[in-house]
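Right after this note come the structures.
Look for chain A in each of the two complexes below; its partner is chain B in the first and chain C in the second.
Coming up: the complex of A and B.
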């Protein structure tokens, strides 16, 4: 019998090895059947059903609902706002995280430890808690305004209920992931390469753009894809902090389904968001697969 | 690229303000009796609103609902996912890689859009507002943690130890209970905690599939945060979040970049 399980960690006790594969395969399939069944009934089937339903009007194949979606100015504005929010928040979160990761890579000591800890803090704070906390912190007469007034600044205008509100929350929430991913990537850049470049007279920006950034490209792309997908699908943050219009897609869907009782339009909105997300997701998975092949 | 300690200090202070400022505000509000503009800090402190909150059924019921929902959903998910994780790590069967991969791919589906599709089906079946309907859907939030973290943990246990026990004549079950399980325990516990907390604070499906009949704790928080008395939502925030943050902190070892990338990001 060829190397049963040595590469994958599979174990077959001696006495089952003769008939082992059949039994093991059956046991394996039986054990994974329930969670896989959950995915099929609650993700695959509803999605397929929804996509089909959006193309069927009275039993006939039709793309009219999608024409209606893209012909509606308000709907288009919401989609555009959602994508812009995802793009801008993800880029700013990545830029800040990259700065933090760089600082952590080239410094040590108590301050660096504290900064590392603070950058991971959002992992421990669910969306709903930070959304409410930001209302109290940045909202009208919030602690931030009170602090500014203590030092004599009286022209504070709250970002609450403007697009800046959700933007700040998204940036806040999305610092830890890229800090972790980028720190891991930066730790693989050797000190020798940086020192050699410095010895040859390279300045900090040149080291950044010619040594560090090229090596971090893949990590940055993966982090961007994940953050972007998370933001365009988010509900709680824009619901609690954002303006009444334009709406981000999830808020829009909730109102279309819950308040306007129009499941047909809500499903079209959901499918459009899923398609955009799956394009970014496909790109993410392709990058992941490529990098794990590179490791092998 | 050496920086002066001064630069580090500025970064530290601005990050401290940005990261902790919002939460500190909520904690201050939870213990404030009077905090009027333009005072920087509350002028009167106390637990007045804590006592006021616990006397009300509209507050107690959602908390109990949330705890019941979350415990049932997380435990059921653990019972069906942990054995599957063992199978993914240790057994050979056709389609193993593809099925394991489907659990990552599932995360790329935007959850709110997915819940819209489920809500439409549930509307037809009359399951909207049904407790068990919400339990089943919320299990989805647990599946990823419960498959990936345990699968990695079972894979990380060196097979040599188990093989030695087999050679000495131990049965598969005995090896599993005495050798494999104890080594996987920390990871299993961590996956339980991560799943529990993410379900407890889950808003999307609770709103689309539970509301208005089922009010969970996060939905109550949303309602309270829109009300005039600031302290009530602040008290609820502190009450629910602090124990969860401690639990998460205990399982932080398992919140690796990879795990988060798969769990939180999408």
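Coming up: the complex of A and C.
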């Protein structure tokens, strides 16, 4: 019969615990080793090499390629177009998403469930399908034109080859993520916080601008950063939709590399885009860290 | 001042509030008291306008406010969770109602400072809600309501999330403040001690209905329903059959001039006294509560009896005592049938006859 009473307490279990912790630490390191290794090998190392290469001309350190980038009118127009498209699409998608999130936060029932489902639907549709659907809907002899002709409007000019085309696709494509982020943020604002404002005489606009929006600032900034970074790096939508010039940086980069066979210039374009993304990404990480600290 | 007439509210066929009516005089502090889910918070929200009622009327100073939205009613509500806005500091939270009313900045600052002084938080004006303790946060919530000078102050279990010591302190502060400002107040609580301590009158609610309205002492002494009797204070409950004016109380036959039938006999622990003709019971537990001692006894019928006595009369564990009620409340079908002082045991009366 085992003598359960003779174990002398602390020593043996403590020893086991120390060994256990060591193994745990090793197991933890082993688990992160693969993703960290892949990150270093496939992303960080090529990035460092590429960035370094853009500053080297015939083995000498030079920033000429960047001067060329910023002195070229067409390249600058492309960068500006990309940033404007990212900014406008992100702001509009965010505004629509905020409206949906607000509705979902303060409503219940079948209609709210339906709207919730519809708002998340684009999450499961690939960009190529969205782009092609927009071409078929808004393009020449598309469904929209046919519908307008049915009611007597015959002067329709398709917007799918103008900036409106990619703008519509980006907005539609980028509604689900901010709806999720903003819904999570709005769930942190208690019903009582809103009711207290109503009780003190505040009407809906004041509640929105003085109570809800300030408390949603972090969620809005996080959602904006995510959408903006996604849009300026997107390829499929601007490849399928939008004007031939100016072009979004991703398409421009691909053309510089594939059609013009100028990998050095494509690398400079990539670095500039990466720096802009990194600034927004850093901003996103700082906001996330602040949120975590606030929670703690 | 405030008149509630036949208020009814249902949620998916279930009555949250049913035909509730009562009046509150100017400067009066009325507590809505009842167990969780009895409809007291719903009734408070109906008074504030945050919840619409199905039928009935809410009138303030003779004006029907039933269809007025919350932001048009002369009421202000303190929530259980204090509901301070985390992005505004204390002064901004307190001044919000004045900003809504479009007052000049200087006046807002002056009134905010005055109210913060009133609740003893002048030094905390620039702090954020996250930097306040629970008690301070609740004082800010109160200041936020007081600054708009409401005709009726509504408080929904404002102290329930605080520890007992702090709760007691805040109760005393509130009572003093309410008296000084002569502010008509409705205070929701499920804590009967809190209600007894604060209220000028208590509205006892059960199952969405107003069971009884009255001053704390009157409710304690003369509960009109079985629900009120069992909810306000402790009671020993004995269910028995009344036959020919006599009823069995834990093995003792008592005379009771009431119609025959099932009856619930309720007796306060402090209304029991030692009597040689009383029901025999063995002391099972003695609890020293400080000023008094609570004694749990097991009767010969196996029922639990609670008796409170002065500390110096506390019995030893295991001792057999004979106890008799000096005051009994008799209920049938939940309604009070009679209140009897010192009902003599049948044998004792027979012996003296």
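Note that in this section the second predicted complex is superposed on the first by the 259 of 296 C-alpha atoms of A that agree within 3 Å, B and C clash if a C-alpha of one lies under 4 Å from a C-alpha of the other, contacts with A are read in each partner's own complex, and residues count from 1 in each chain.
As a working rule, a residue touches a chain if its C-beta (ideal position, glycine included) is under 8 Å from a C-beta of that chain, and two chains touch if they have at least 3 such contacts.
What you are looking at is a predicted structure, and each value in this text was computed from that prediction instead of being measured.
A.B. asks: More chain A residues touched by chain B or by chain C?
C.D. replies: The larger set of chain A residues in touch belongs to B.
A.B. asks: Just to be sure I read the superposition right, which of the two partners does A:271 touch: chain B = first, chain C = second, or both, or neither?
C.D. replies: In the superposition, A:271 touches chain B alone.
A.B. asks: Kindly classify A:199 by the partners it touches after superposition: chain B alone (first), chain C alone (second), both, or neither?
C.D. replies: After superposition on chain A, A:199 lies in contact with chain C alone.
A.B. asks: Return first, second, both or neither, reflecting whether A:214 touches chain B, chain C, both chains, or no partner chain.
C.D. replies: Once the two structures are laid over each other on A, A:214 reaches chain C alone.
A.B. asks: Quick one: is A:184 in contact with chain B, with chain C, with both, or with neither? Answer first, second, both or neither.
C.D. replies: A:184: touches chain B, not chain C.
A.B. asks: Tell me the contact category for A:253 with respect to chain B and chain C: first, second, both or neither.
C.D. replies: A:253 contacts chain B only, not chain C.
A.B. asks: Regarding the shared-chain residue A:46, is it in contact with chain B (first), chain C (second), both, or neither?
C.D. replies: After superposing on A, A:46 lies in contact with chain B but is clear of chain C.
A.B. asks: With the touch criterion stated at the top, can you tell me which chain A residues are shared between the chain B interface and the chain C interface?
C.D. replies: In chain A, nothing is touched by chain B and also by chain C.
A.B. asks: Mind listing the chain A positions that touch chain B in their complex?
C.D. replies: On the chain A side, the touching residues are 4-5, 8-11, 13-14, 21, 24-29, 31-32, 34-36, 38-39, 42-43, 46-47, 49-50, 53, 100, 102-103, 106-107, 111-112, 114-115, 118-119, 121-130, 132-138, 141-144, 146-147, 149-150, 172, 175-177, 180-181, 184, 194, 204, 207, 222-223, 226-227, 229-230, 232-236, 239-240, 249-250, 253-254, 257-258, 263, 266-267, 269-271, 273-274, 277-278, 281-282, 284-285.
A.B. asks: Please name which positions on chain C make contact with chain A in the complex.
C.D. replies: That would be residues 48-50, 69-72, 75-77, 79-81, 83-88, 96-97, 100-101, 141, 144-145, 148 of chain C.
A.B. asks: Could you pull out which chain B residues touch chain A in their complex?
C.D. replies: 1-3, 5, 8-9, 11-12, 15-16, 18-26, 28-29, 37-40, 80-81, 83-84, 86-96, 99, 102-106, 108-114, 116-121, 123, 136-137, 139-140, 143, 146-147, 154-155, 159, 162-163, 166-167, 172, 197-198, 201, 203-204, 207-208, 211, 218, 221-222, 225, 230, 233-234, 237, 241, 244-245, 248-249, 252, 255-257, 260-261, 264-266
A.B. asks: If we count contacts the way the header does, which residues on chain A are in touch with chain C in the complex?
C.D. replies: Going by the criterion above, the answer is residues 190, 192-193, 195-203, 206, 210-211, 214-215, 217.
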